[in-house]
Each structure stands twice: as structure tokens, then as C-alpha cells.
Amino acid sequence: ACGDNTAAPAANSNGSSSTTTAISGDFQGAGASSQQAAVEAWIAGFQGTNPDAKIAYNPSGSGAGVTTFLTGATAWAGSDKALASDEVEQSKKVCAEGTAFDVPVYVSPIAVVFNLKGVSDAGKHVNMDASTIAKIFDGKITKWNDDAIKSQNPDLDLPDTPITVVHRSDKSGTTQNFVSYFKDVAPNDWSYDLSENWPNEVGQGAKGTSGVVSTVKQADGTIGYADFSAVGDLGTVAVKVGEKYVEISAEGAAKTIEDSPKDESATGDNRIVLKVNHNTTVDGAYPIALVSYDIVCPAYKDTKQAEFAKAWLTYVTSDEGQKTAQDAAGTAPLPSSLTAEISKSIEAIKTK
Amino acid sequence: MGQRIDVNHENIYYGDFLAVEDVNINIEPNKVTAFIGPSGCGKSTVLRTLDRMHEIIPGAHVEGEVLLEGKNLYAKDVDPVAVRRDVGMVFQRPNPFPTMSIRENVLAGVRLNNKHLAKSDADDLVEWALRGANLWEEVKDRLDNPGIGLSGGQQQRLCIARAVAVHPQVLLMDEPCSALDPISTLAVEDLINELKSDYTIVIVTHNMQQAARIADFTAFFNLKAVGQPGHLEYFADTTTMFNNPQNEEAERYISGRFG
Amino acid sequence: MGQRIDVNHENIYYGDFLAVEDVNINIEPNKVTAFIGPSGCGKSTVLRTLDRMHEIIPGAHVEGEVLLEGKNLYAKDVDPVAVRRDVGMVFQRPNPFPTMSIRENVLAGVRLNNKHLAKSDADDLVEWALRGANLWEEVKDRLDNPGIGLSGGQQQRLCIARAVAVHPQVLLMDEPCSALDPISTLAVEDLINELKSDYTIVIVTHNMQQAARIADFTAFFNLKAVGQPGHLEYFADTTTMFNNPQNEEAERYISGRFG
Amino acid sequence: MSSQDDKTIDQPVSGKTADKVFKGVAYACGILILVVLAAVFLFLFFRAWPLIGGDQAANSETVSSFTGGKASSFWGYVGPLLFGTVLVSLLALLISFFVSIGIALFISHYAPKKLATALSYVVDLLAAIPSVIYGLWGGLVLVPAIYPFWNWVATYLGWIPLFQGPAANPSRTVATVAVVLAVMVLPIITSMSRDIFLQTPRLHEEAALALGATKWEMVKLAVLPFGKSGIVSASMLALGRALGETMAVLMILSPGLNYSIKLLQASQNQTIAANIAAQYPEANDLGVSTLIGTGLILFLITFVVNYIARKITEKASA
Amino acid sequence: MSAVEKSPMDGAPKIDFDKFRPTRSAIQRRNVKDYFMRGLIALAFVVACVPLISVLWTTIINGIKRLNLNFLSYNMTGVVGGNQTPSGGYGGVLHAIIGTLEITAGAMIISIPIGVMCAVYLVEYSIHGKLATTISLLVDVMSGIPSIVAGLFAFSMFTIIFGPGTINGFEGSVALSLLMLPTVVKSCEEMLKIVPNDLREASLALGVTKQRTITKIVLRTALPGIVSGAILAIARVIGETAPLLMTAGFISSTNVNLFSGQMTTLPVYVYQEYSKLSANCPANADATCVTTIPMERAWAAALVLIVIVLLLNLIGRIVAKVFAVKTER
């Protein structure tokens, strides 16, 4: 249509494995806003080989995305968390046969970001273990020069600045993944139930990852958590893994996911749901990470949709797709250990 | 030709308030009838019942009959719009249409009824009406200026021109000269004299000399006390009214005359 | 005591339009001066320069002097508000404050200076002013009703009461009786006669009989042609003006009189 | 002029049908308002029905998940939201009301004509600045800029419970949001009351001036009484906008669910509209019902507020 | 003459007017108060100017950076991270401008005729009846409908009629018209009310039907006011974000069909770009890859939105001027 930017030339486009006929038609997706950057890049890449496919992604939120998917209005949903079992049940109504399933599409590290004069603006990290982070976010540690922090950062000159915690005010997969880290690693310092909503009233809440990041930027002494891709020039906390403090990186997150088992509670055909192993001690692994999923049906009432879903997932999980997301959204690639299983699930989509 | 008006047992209300009581009057065709009386006695109110303008005030209503050539204006099947087309009206305060030029104001009655006039006919009509209202000389060079830009007196004469332009059978005037200077008043009075050969004219005036000069018949309204309804005290031909009134109240009122 | 007004070489403008040209007039204290003349000649305009009401119209301005007891109203250091305190005004169209009761309307001017008026003082003042305007009997039982609910004539009398209540030195009246019936007019004329022992009064009127009856001096304004500025044609004491005018235009105008 | 053909009142009037049709359309449009509102109400009620008629255990679980366990019943949830909504809106109205009336008077009666025309234009333009822009500005410019002021207030006026410190830094607080909303509604009140003030009959202004009133007294005697009902209705429009404002609150306020009047502290209050926008994307079906339930409450609140305001206007003009 | 009537002044109380003479201090006080209020009013103006100028200034300064022809003539398809597009830009708002104009026009077409006719009913036809009182009360209430609720309403209505998941521009128009309607009715009502009754009477007395009186005299006289009211109403909704997020959705390509497919509007675009906050660049990216591009696009789009509003205002003003009515006050 008018005003379209010509699709970015598909980089080394001989990469796509199954060279079936190009997909064409209108396709819609909706879901996690955190996926938006990656999805936009994927759409551009996908259209490089399928120029007649018109794809729209509405970053309305994971919950809304799944709800919309369950009405049958979209071909796929993007989500920061796997389907709940009742959602799997509901999907019977929408899918032509079988139940919907989740496929991991990328791994994303969650950064603990902070803004502290003399530290973050000097490009320095602060070292913290899980217990310290949990206590800060629970309002138990309120000063930057608290002994708990000082003792882990002998090299830093920490000021007497009060800590302002910044957390998400909306329901968020990021929040759930972040606090599940406390639950797993520092259970004694985090008594709240696991939820997508921030559980206490410490500090300030902000809407969306952008809200958290811009709030942290606005004042001295703030600390928050955000998707790695949004961190910008804020300081990040190096998290204690084993005996070492690990700085955030995409590779570190990938290592953690490689070390993570499948979530056995997620029952249903073709589902690949991971349980992030926050207690990993793998060298260089960064333990606060989330896995983002695409949710699709094994069969669609409209075979065009099925063909699209299959081609889409194939592209997204391919090396090329993963590289695109890494460049455009700073995500970590899926561990190669999952490749075979993912292909199997994708193959389950019936296109006839 | 003008038409006669007969008012029978008319009571006029504003909501629950009886403003004028039991009016009976016969208004002769092709004559000028003047309404006089003290302020608040209901002259304007009665006048406005003669073309059913009274009823546009919320809650206002009329009991009794008003017969125009024998046909009751207030009969069920009579359309007030048709009544007002036959019975023109000029108000106490000048009210030209602010969106319209002088010319359009004069033509408003014709144009708003979706009648199409040839330009030459329209020009003739405008000139005729404005001359009648003694305004032609003052405005002939700026017919396309807004009517609202005229002075008060000029505006009122424009309104008279507008009412006259639709050729009504009856012309009601509520103190049309109260904002006019003597020269304009004279012109309007001449106009009234001229018009009465074609139309029936009813005029409310505070100026008894004016009534004496132009009216063939005069109706004297009065009110017993403030808050009480007004009523028609005495109706007579003008000569009788001013020279030999057979009514004490009327005589008292008129003898207090001046001006 | 009333104050004298001397107008010297006054030109009055609406924006660029010169409405009235070179007015020179001496208004005697404790006398009634009437302004007469055809519509549009600038009577109202001149009157409004006497208490600096003219200048509230955007673009309107005055050249020349208006001396109140020798002090130029248009001098730099004179506050128009102070002028208007001393020079009261009654307008052509009645303009009671719509949100106020009859009583509050009368007191509006006094309240500006006397925030806390004793109830008895206020009552007396209201009665005095309303009697002066011949309105007392009609409204004494409903002083707390809104002023806007009165008939046109009653409203105008209320405005006169309001202007009189502040007891000004000079009283300007722009056709105050044009909406009044003869009885109210008579009362107002009596009031004017009574007031002139205390105040200087200037009145615009269309009614030459009224001028002849109440004025000590009469100023005749005229305009050469429409669109031309108006001017003061002739100024004389009233007897001369009406019986033996030394000005042809004035004589023509007055001999065309009627009403 | 030649006399026209005789007319009588019996003759049919042209435009009769048009008259009837027009009247019918006008009535229909009037009634359509009722229908639309009924539809909105019914829909909200229908969607919120599970709160009343549904599984109560699931409801309280939903509420718990929204509030992190702080409240478990719908009323426990909506109460603080309602409090926050009304608090923020009233503060905004309070801040902007006098300023707006001042500007309106400035434009209508004080400023020179040319300046007034220019100002009118600017005000109309400002009324049109979208809330998302105010959100951007409030969140990115005002929040850091206003902190020293709030800090000063908290330090010196902290003994007033409203201003109890310490002032949150960054100032993503009710006080800051109220300022932003005040700026947002200011052009609405200003532009409506200016229009009304300009309509004050010259006759009344002249009456006041002729009595020797100063300009301000003239305004008090003639302009303000004339404009009163207009001012009230402008304020109600403004309050309506403040009550329902979503984006600016969403983008600025750090929300909390307390009955708190600590204006300078973060995470104290939240408004219903912003809460819906924040929670809707991630809400499940029952969650949407709960949110719509809160929307229904907001709807009813605006009803009550406007009803009261209307009664005030009626009394004033009676 | 006056012998006939007894003087009305008989029995009038004697008044000591010296008591009411303004004292020096009273006059002083009044003048001080006058100056004080003058000062306050001017101050109100200055105080209000600070934030308002700041809003405009911030938007212009931040927005002008990316506001160029490229930004106006492309949509967001094929924009990846902070990378430059082949045309040398960083994506644009063409699709959002089209969406905003179409959706707002749709809302106008729905709500202005209804609103004006409703106001006509309230002012010209209802005779202080119960129905009219109720309707005008409900119009007040309607003006308090939170935009987000209007969005939910339109969304569910379309879900019921056209099936679940229906999202299109017209749906957004419906949501916006719900928000516009009360503003149109209210302002139109005010404008009709101040048309002097004299004019209606003059027209009716000429034997003009009520319908023609209303359309040709009353509405004509009130037209400039109605136009400016309509502009205010448009301004009220053109910047709505929340309801459009749920009804019209979000899409990066251009959609000109109001009745099918998602449609992006400028406010939604601004919000979405703000939510992205920053974009990623590949590790080896050169200087043409801008990480802060989303915020820059947000400000530029905000500026475009303001300019569109400005143009609308201008058009409205010209229309109002052409039809201007000199009424006496």
C-alpha cells in the first residue's frame, strides 16, 4: 500500500529450509508488547521472501493477545508466559482440531537497572546477590550505602542516597519472571505469592517497560527491572551466580536457558514450555531471564492461516530469524538443544 | 382587501397567570384600530393573540375565539403558520435578522417561504417596502450591508418594511414608533394611512395623539390593580373616545394626557 | 447641588467615523436641558460623552473638552469611574440586572460604596427611589422578585429608580420615557422637575412636547445628510426654541411637529 | 405594487411535511441520547454481571491477582480507586478553575482586542492538544522539573497532612498529575467561559458602568452573574474530562490503592480510568468483567457529580 | 395636570444621602481592589502560560528533529530496530495521518448531525418537559463517560454484531462519536440559547414555518458558534488514545479502508513509539542506526498531531469568519 518502505533486502536469503511456495494474504497477530521490536523485524524479514504476505502485529499485551487468539481473530499470539491449562482447554473451540501449543521464540535477559550518581553514570556495575536484590525490592534495604551492598562492592564509593524502587504497575510477564527469581533463589527474603502484579507498595510503579526505564532515568538513587533491550545507558546490577558476579548479557541468558528443564506442569500436545532454572551455577550464566512464546493451533479452519503459521514459526525459530531478533531487539537466541523439538512441534501444524 | 377580526370572550394566560380577561372586540376591516392603556394592562398580550404569536411562549394559552373573517383562528384545523402569513406583525423592539443584509431582511418573509422571485421583482419589492417605511433614501446605496448596522430608528423602520413586504391582510404593530424620531414617525403614520385601504391595521401605542391622529377606532385597556388581569375597559370610535368618552376610567386616563 | 457642564469643540468618533462634529454647549446647573433632533443625528452619542460612557465602545474616542464645574472630564488624571459616580445615566432600553431582585437592582449602585448597608437605611432608600420612579405601588409587595420579570415600562422605571438611588450630581437620560405609558411618563416628568433643584439634568427625547414641558434649555442637533457627521444646530432656552427659534432648520423641524 | 393573490388561513401551508419530518428527526435525536446511554449502561452491566451472578470465589481470586492480595472483594478494590479518581479530578479542577476564569476574563474584558484575538486562538489550540502529548510532557518534562518545588512544599508545609513528606523523587504523584490535568482542562473552562463572557449583554455592562462601577465591579455585577451557569457547565465538562482521563494519568502516576491524601508521596492513589487501561491488556475474561465493573462505578459517579452540579445551576438560575 | 394624580412621592421616606456618599477610603479601597483583581487576572494568565508554553515548546523542539517529508510520506512497514530504511528515513506516520483523519471524519459524520438535532430538540421543541430535562441531564452525564469505557462499548458492540475480534477504523469512529456527541450537543445548545428570541418571533410572525425558522434563522445565526463548538469537540477526540487501542488497533502499514482492517491513528502511534522507548542496533551498526529513534518519532508524530489540530482550527476559524454574524450585545 502507499507509503510502504520497500522491505529490507533479505540477508542471505538462501537460508530458509523448506522452499515451499511463497505465502500470500492478510495475517494478524497480537500479544506481548515486549515482542514488538522482534516481531517487526521478523515481519520485515519474512516479507523479504514472501512479499505478498501482509502481516500485522498488535502489541496489545500478552493477556489480550491470548484472549484475542482464543476468539479466532488472530493467527497467532505472542506471550511472555505459557498458556494456562484452562486456556489450552478453551483453544479446542478455535483450533480446527487439537489444542493450541506454545513454542519458544526467543530468550530475553531481565536487567536490574539503577541510576546512581557517581556509579551508573561512570559506567560501573553494582554487585548484588539475590537476597540483597530481594531485600531492596521489598523495602528492607533503603540506602545505597547499606552494609549489605557495601560489603559486596568494596571498590565502589557508595553514597548515602535513599533507594527508590521502581517496579511495573501493570500486569507483566517481566514482573512474574523477575520475582520468581527471588522465589527460587532467596525464598526467605521474598514471602509474596507469585503473580504478574507487583505485590508490595515499596517505591514507585510505572506502566510498561518504557515507564520503568524513564522513571529510573529521572532521579538519582532509583533501581528497577527491565527487559535488557530497553536498558540504554543505565547502570545494571551484576548478579551473583555461584561465587561470581555476572554482568548481564544475551549469551549469559542463553546459558541459563540451556540449563533449564522443561516445565512438566504444562501438559498438552506439542507444547514446549521451559522452567527457567534461576539456581543455575553454570559459568557465565545470567539467571534472570524470560522465555517468550508464540502460541498457535495445530490446525486451522482456514488452511491459508495454517500455512502461514507454519512458515512464520519456521522462519522465526530459524537461525536467520533468531539473528534478526538479536539485532533488532537485543534478545538471546534459543539454545540449540531445543531445535529438534521445536521443529517437531512446528511440523505438527496441518496445512492440508 | 383587509379582513375583519372578532374577538369573543377571550382569556389569555401565561401558564397559570391570567393576564387578560374576557376581551370582546370587533375590529373593522380596512380601518386602523389603536390599543391604548397603562403599562402592563395587556395591550401587547392581546395583540399577540391576533396572529397566534402568543402561543409560542411556553405555557401561554388562550381561551375563547378570535375570528378572522368569521373563521376561528384557534380552531383545531387552523395552522398558526397560515395565520401568521395573513397577519403581519411589527414588534416593540427592532429585530432585523443579523445574518442578513438590508435587502435580504426586506425579502426574508418571501424568501424564507421558498418563493422564488425574479431579481427585478425583488428589487421592486425592496424599494417599495423601504420607501413605505421611509428608509429608502437612507439605505439605497448600501442595501447589501448588514441590517444590524443601522441605528435603532433605522432598524425599526427596516422591520416595518420587512413586515409590509409580505403583503399581509392584517398588520399588527406593537408600539412601532417608540424608537423613532418624529420625522420617521410621521412617515410611518402616513404609511399606515396609505396601507389601510388594503389592510386591516391594529396598533398599540402609548402616544394618545398618535392614536387620535391615525386610528379610526380606539380600544382602551385597563387593569384594576397590579397583579390583577387586564381587561378591555372601553372601545369606541376614535372621535368618541377622545372627545366624548362614555367611560369614566377612559376619560380619566385621556384627560391626564399630554405630549 | 448640581454641577455645570461646558462642552468645547467636541468631535466624537466611532473608530475612524466622525459621528458628531464640533459641539459647543453650556449646560446650566440645576436646570433641565433637552436634546432633540432627527434619528441618527448623534443625540445619544453626545449624551454618552458627558459621563465618558462613550469610550467603552471599542475604538470610540473623543476630541475636545468636556468641563464639569470647570474640570475637564477627559483630562489625563481623571478616572472615568469617578466621573460616572457623579453623573448618573438612564438608557433608552431598560436594562435591569437580570440576576437581581427588584430591591437589589435599586441598591446596586449604593452597594458599591456601602458594602454593609443597615437594613432600615436600605429599605428607606429603596422606597424613596421606587416612589420617585412611580413604581412603588406596583412592586412593593414583590421587592424580592427578579427585576427582569417586570413589563417593559416597569423595567424602565426600575432603571430610573436605580440611577436616582445613588443621588448623582448630574443625571443623563436617553429617551427614558420612550417605553413608558403616559401615567408613568408624567410621574417621571414630575420627578425630573423635583430633582432639578438638586441636580443638573440632560435628557434626550423625541417628544417635543416633553421637551417643551420640562426643559429649561433645548439643544437641537441635526445632520446635513446621512453618513455625514451630526452637529449642534441650535441651542436656546426652551421658550425661544419653541416659540421663536432664530434658526431656520430648527423652525422647520419643530413646525413639522406633532404628537 | 400589485396586490398578490388573496390568501386565507384555510389555504394549505407549504413546508408542512418538512416541518413534521424535521420535528420528528429532532425528537428522534433527543431520544437517541437516551438509547445510546441505555446501551452503554446495559452493556457495562451485562459485562460486569459475573461480579454479581458469577462464581464469587473466582471473583475474589481475580481481585486478589489485580491487587497482589491487598483486596479480595470488588468493593475493597473499587473503593480506593474511586477515592483516587475523585481526589485527582477535584484537585485538578480546583487548580484550574480560578486560573481559567481569570484568563477568560482577561481575554474577554481586559486584554486589548488584538491580543485577545491571538489569545483566544492559542486557548482553542491548547484545548486540542491530545492527552497523550500531555502525558509525554508530564512524564518526561514536568516530573523532574517540579520535584524541587514539591520538595520545598514538603519541607515547609509538611505539617499539613496533604503535604506530608518526604516528597517522592521522581514526583510521579497525585500532586503532579493534578497539575497536568489542571493544565489539560484549563483551556476547556477558559474557552467556554470566555465565549459566555463575551456574550454579556452590553446593556448590562453599561448599566453597571453608568452607576460608577469600576471594571472589576462591572465584571461582578454584570459579567459573572450572566456567565454563572455557563461557568458551572464548563467546569462540569472539565471535571468530566478529568474524571475520565486515562493516558496522562497512566503515563505519569505511580499508582497505589490507598485511601490516602498524601499528595506528594508516590504509590498512594490510582484512578479508575488509568487502572482499566493499565490492567485491561493483561486481563482474562473475569478480569475484564471486574474492570468493566469499575468502569460502571465511574460512570455512576459522573452521573452523581453532574446531577449535583445540575441542581446547583438550577437553584442559581431560579 | 398633576393635580389629578397624587404625587407618588407622598409618604416617601426622607433620605440622608450624605450617609451614602463614598468616603475617600471607600473609593481608595475600591480602586485598590480593582487594581488587585486586574493584577490577579493578568497573573492567572501568566501562570497558565508557563506550562502551556512548555508543552508546545517541548513538542516543537523534540518533534522538529525528525519531522521531514520522508517522515510524512512513509509508514512503518519494513522498519527494523534503529536501522535506516532504504528511502533514507526511519519510518513515518503516513498511515497514522490517514487513520486519524478517516476515523475522526467518521466520528464527525455520526455525531455532528445527531448532536445538532438533539440541541435543536432541546432548545426549540421541548417545552421544559420532563423528557427534555432528562435528556439534557443525560447529555451532561454522557460528557463524563471515560473514553476507555466508550472504547469498551464500541468494541463489544462490534463483537456482537460482526463477530469476535472485529477491529476496524469505523469501530473507532463509533467510540469517538460517543465522546463527541455530548460536547456537540452542549456547545450547540448554548449557542442556540443565545440566539435572541426576537429573531424567532420575527420569523414566525412572517408566517415562516418552524422548520425554516430554525434552519434559516436560528441555526444560521448560531452557525459560527456551532462550528467552533464542533471544532472543540473534534479537538476533544482527535487525541484519544485509549479507546482506539482497543477498537481500531495498531498496524504498521497504510490502511485506507475505514470499514475493514486495523488502522493506526496518530495518538496511538505516539503512545506505541513512546512505549518502545528505544530501538536496538546490531552490534556492528554504523552511525545511521539510531537507538533513540522511537522517542524521536513519538515527538515528531505529536508535533504532526498538533499541526493537524492547528490546521483544523484555522479552517474552522475561516468558516466561522465567512459566516460571521454581527449580533448586538
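Worth pointing out:
Going in written order, the chains are labelled A, B, C, D and E, and every chain counts its residues from 1.
By definition in this document, a contact is a pair of C-beta atoms (placed from the backbone, for glycine too) under 8 Å apart; a residue touches a chain by one contact, two chains touch by 3 or more.
Here the structure is a predicted model, which means the values were calculated and not measured.
Between chain D and chain E, the least number of touch steps comes to 1.
Path length between chain C and chain E in the touching-chain graph (shortest route): 1.
Taking chain E out of the picture, touching still joins the other chains into one piece.
When the interfaces B-E and B-D are ranked by how many C-beta pairs touch across them, B-E comes first. Chain E has its Cα centroid nearest to the centroid of all protein Cα atoms in the structure. Per-chain Cα centroids separate chain A from chain B by 84 Å.
Per-chain CA centroids place chain A at a distance of 40 Å from chain E. If you average the CA atoms of chain B and of chain C, the two centres end up 29 Å from each other. Of all residues in chain C, those that touch two or more other chains are 81-82, 85, 93, 112, 137, 166, 183, 186. Within chain E, the positions touching two or more other chains are listed as 1, 5, 30-31, 34, 209-210, 212, 245-246, 274, 328. Under the contact definition stated at the top, the residues of chain D that touch 2 or more other chains are 13, 15-16, 19, 140, 201, 203, 214-215, 217, 250-251, 280. Chain pairs that touch one another are A-D, A-E, B-C, B-D, B-E, C-D, C-E, D-E. The touching residues of chain B, when paired with chain D in their complex, are 1, 68-69, 71, 73, 78-79, 81-83, 85-86, 113-114, 124-125, 128, 167, 169, 198. Chain D meets chain E in the complex at residues 13, 15-16, 18-19, 21-23, 25-34, 36-37, 39-40, 43-44, 47, 98-103, 105-106, 110, 119, 121-122, 124-137, 140-142, 179, 183, 186-188, 190-192, 195-196, 198-203, 214-217, 219, 230, 233, 236-237, 239-241, 243-247, 250-251, 272-273, 276-277, 280, 292, 295, 298-299, 301-303, 305-307, 309-310.
Residue ranges on chain C touching chain E, taken from their complex, read 79, 81-82, 85, 110, 112-114, 121, 124-125, 127-128, 131-132, 134, 136-137, 166-167, 183, 186-187, 190-191, 194. Across the complex, chain B meets chain E through its residues 51, 53, 56, 58-59, 81-86, 88-89, 91, 93, 95-99, 108-109, 112-114, 146, 148-149, 159, 162-163, 166, 252, 255-256, 258. Residues of chain E touching chain C in their complex: 1-2, 5, 7-9, 11-15, 17, 19-23, 26-27, 30-31, 34.
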